[in-house]
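Submitted below is the structure of interest, expressed as structure tokens.
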Amino acid sequence: MTHDLTEFAHSIFDAQPFSRFLGAELTAVGPDSAEIRIKNRPELQQQHGYLHGGVVSYLADNALTFAGGLALGGDALTAEYKINYARPAVGEVIIARATAAVTTRRQAVCQVSIHAVKDDGEQLVAMAQGTIIAVERRTPEPPAAG
Amino acid sequence: MTHDLTEFAHSIFDAQPFSRFLGAELTAVGPDSAEIRIKNRPELQQQHGYLHGGVVSYLADNALTFAGGLALGGDALTAEYKINYARPAVGEVIIARATAAVTTRRQAVCQVSIHAVKDDGEQLVAMAQGTIIAVERRTPEPPAAG
Amino acid sequence: MTHDLTEFAHSIFDAQPFSRFLGAELTAVGPDSAEIRIKNRPELQQQHGYLHGGVVSYLADNALTFAGGLALGGDALTAEYKINYARPAVGEVIIARATAAVTTRRQAVCQVSIHAVKDDGEQLVAMAQGTIIAVERRTPEPPAAG
Amino acid sequence: MTHDLTEFAHSIFDAQPFSRFLGAELTAVGPDSAEIRIKNRPELQQQHGYLHGGVVSYLADNALTFAGGLALGGDALTAEYKINYARPAVGEVIIARATAAVTTRRQAVCQVSIHAVKDDGEQLVAMAQGTIIAVERRTPEPPAAG
């Protein structure tokens, strides 16, 4: 993976107001993978003190987008995904690790697992699978350099 | 639907720190339906100025949970769901309307549509379908009367 | 909907060996909808005498494809879908009714409900939602007029 | 895994008329995994000569059920799943390999990958994820021996 693509991923992530609002971090990127972490805190929880499903979904959705975008080599978006919550998300930190399983010309089918970090190690709390599609540029532009 | 169940739904919603953090409101409940609204604002957006998929997912997930919980008659949680983002979510307000399509003893299969409110009306921006399961009480309790 | 598109849908369906093998019928088509029926018989069942999930999935998948193809105006395929089995599929006939909920240029997000016909009426047994994409022609062709 | 559970899985599979009708085989089972194979033949195809999505779905659904049932230790059924068709399924044999990723008391969240066997090796053609639930016995029965 080129240095440019790594920088591109981080620049897109940093340009997401919602990711900053939640306090999420893009902690690793690879040629077809991405990892996003979030520190648990009270305002991210639901009525039982677990991380709200909406936050787990954010992690799944966004990690899928970045894994797919990296595999596709540019800007991308999540067209759809499906998530199973397997266990309550309780822990200091929640980590989403996504990879592109199949990449074709315009889309990548990606999977992500969500882990809660606890005193005694990581626990798998949710799994998702979805379709990431390359964003088409709407206006003509010169060929990219490099 | 009993007045009690309506109150129960609102009390659960009000007890969700994440819903307050996002500024979401539970704007309607029925015997097997729920509506949640959120006012668009910059910190809920992604890098293109659309509502972030994580917020759309929160709306879908939570509206599904409440529709299913109301259909099941008590506390419930989303076991899994699948969402299709059909169009960018742009608008002043985003509304999720969920209904339980099939309710059996311990679960409800629910659907939700997400609409963006624009100057010229509402636009369907996303659709989701999922399984809501009744939360079992963990502690022994006396047999229910009646 | 043009007569041509109705004929096109039936010709595609009739060209599916697997649909004939199962004994399925395309019983209705509309501008963005399709209905497929199958007569229950022992070889379509699983170990408890219910229609096998694979048959229910076939009905969902194929009805989604036809609803989406009709909405998109030509040959199409199911890119992905999600199905919830809500109740055992028992009955003389099983019917899948699909509609396109949102159609954009190259894809349609469609929903389908699967009903079992019993002595006392129809029962909803499964629900699915998925993405249908227009099939691109692989060979060059002259520019379309108009 | 006990010998009994292996035998139980095969006896359930052999009792599925639809699996025999399609010519599918349960070719491997493990403590939380299952593999099902099917030989491609014309009546399993769609209009372009690819294996019909309904057959791919059957493979996904059934492999998920068996992986989940083995993980749960008894009779089970697929409550829901989601499938992405990544590439056309073309090849002599199609293989579904499923594993249970998270098993709790009454359910297993399972994943399956579908591969087409071609002259130059296997190709991943589809991926699915779903929920398998333990079938509750409706009538009292004596504890199982062994």
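Letters A, B, C and D mark the chains in the order given here, with residues in each chain numbered from 1 onward.
The rule is simple: a residue touches a chain if its C-beta (ideal position, glycine included) is under 8 Å from a C-beta of that chain, and two chains touch if they have at least 3 such contacts.
On a predicted model such as this, the values are computed, not experimentally measured, just so you know.
S.K.: Suppose chain centres are the mean of their C-alpha atoms. Which chain sits farthest from chain D?
M.R.: Centre of mass proxy via C-alpha means gives B as farthest from chain D.
S.K.: How many angstrom between the C-alpha centroids of chain D and chain A?
M.R.: Taking the mean C-alpha position of each chain, the two centres sit 29 Å apart.
S.K.: Suppose each chain is reduced to the average of its Cα coordinates; what separation in Å results between chain A and chain C?
M.R.: So the centre of chain A lies 32 Å away from the centre of chain C.
S.K.: Taking the mean of the CA coordinates per chain, how far is chain A from chain B in Å?
M.R.: 22
S.K.: Which chain D residues sit where two or more other chains touch them?
M.R.: Within chain D, residues 79-80, 82, 84, 109, 131 contact more than one other chain.
S.K.: Can you tell me, using the touch rule above, whether these chains form a line, ring, star, complete graph or other shape?
M.R.: complete
S.K.: Hey, which residues of chain A end up touching chain B in the complex?
M.R.: 12, 15-22, 42-47, 52-55, 57-59, 61-62, 65, 77-85
S.K.: What residues on chain D touch chain A, complex-wise?
M.R.: 82, 84, 86-87, 101-102, 104, 109, 111, 113, 124, 127-131
S.K.: Residue numbers of chain B touching chain D in their complex, please.
M.R.: 79-80, 82, 107, 109, 131
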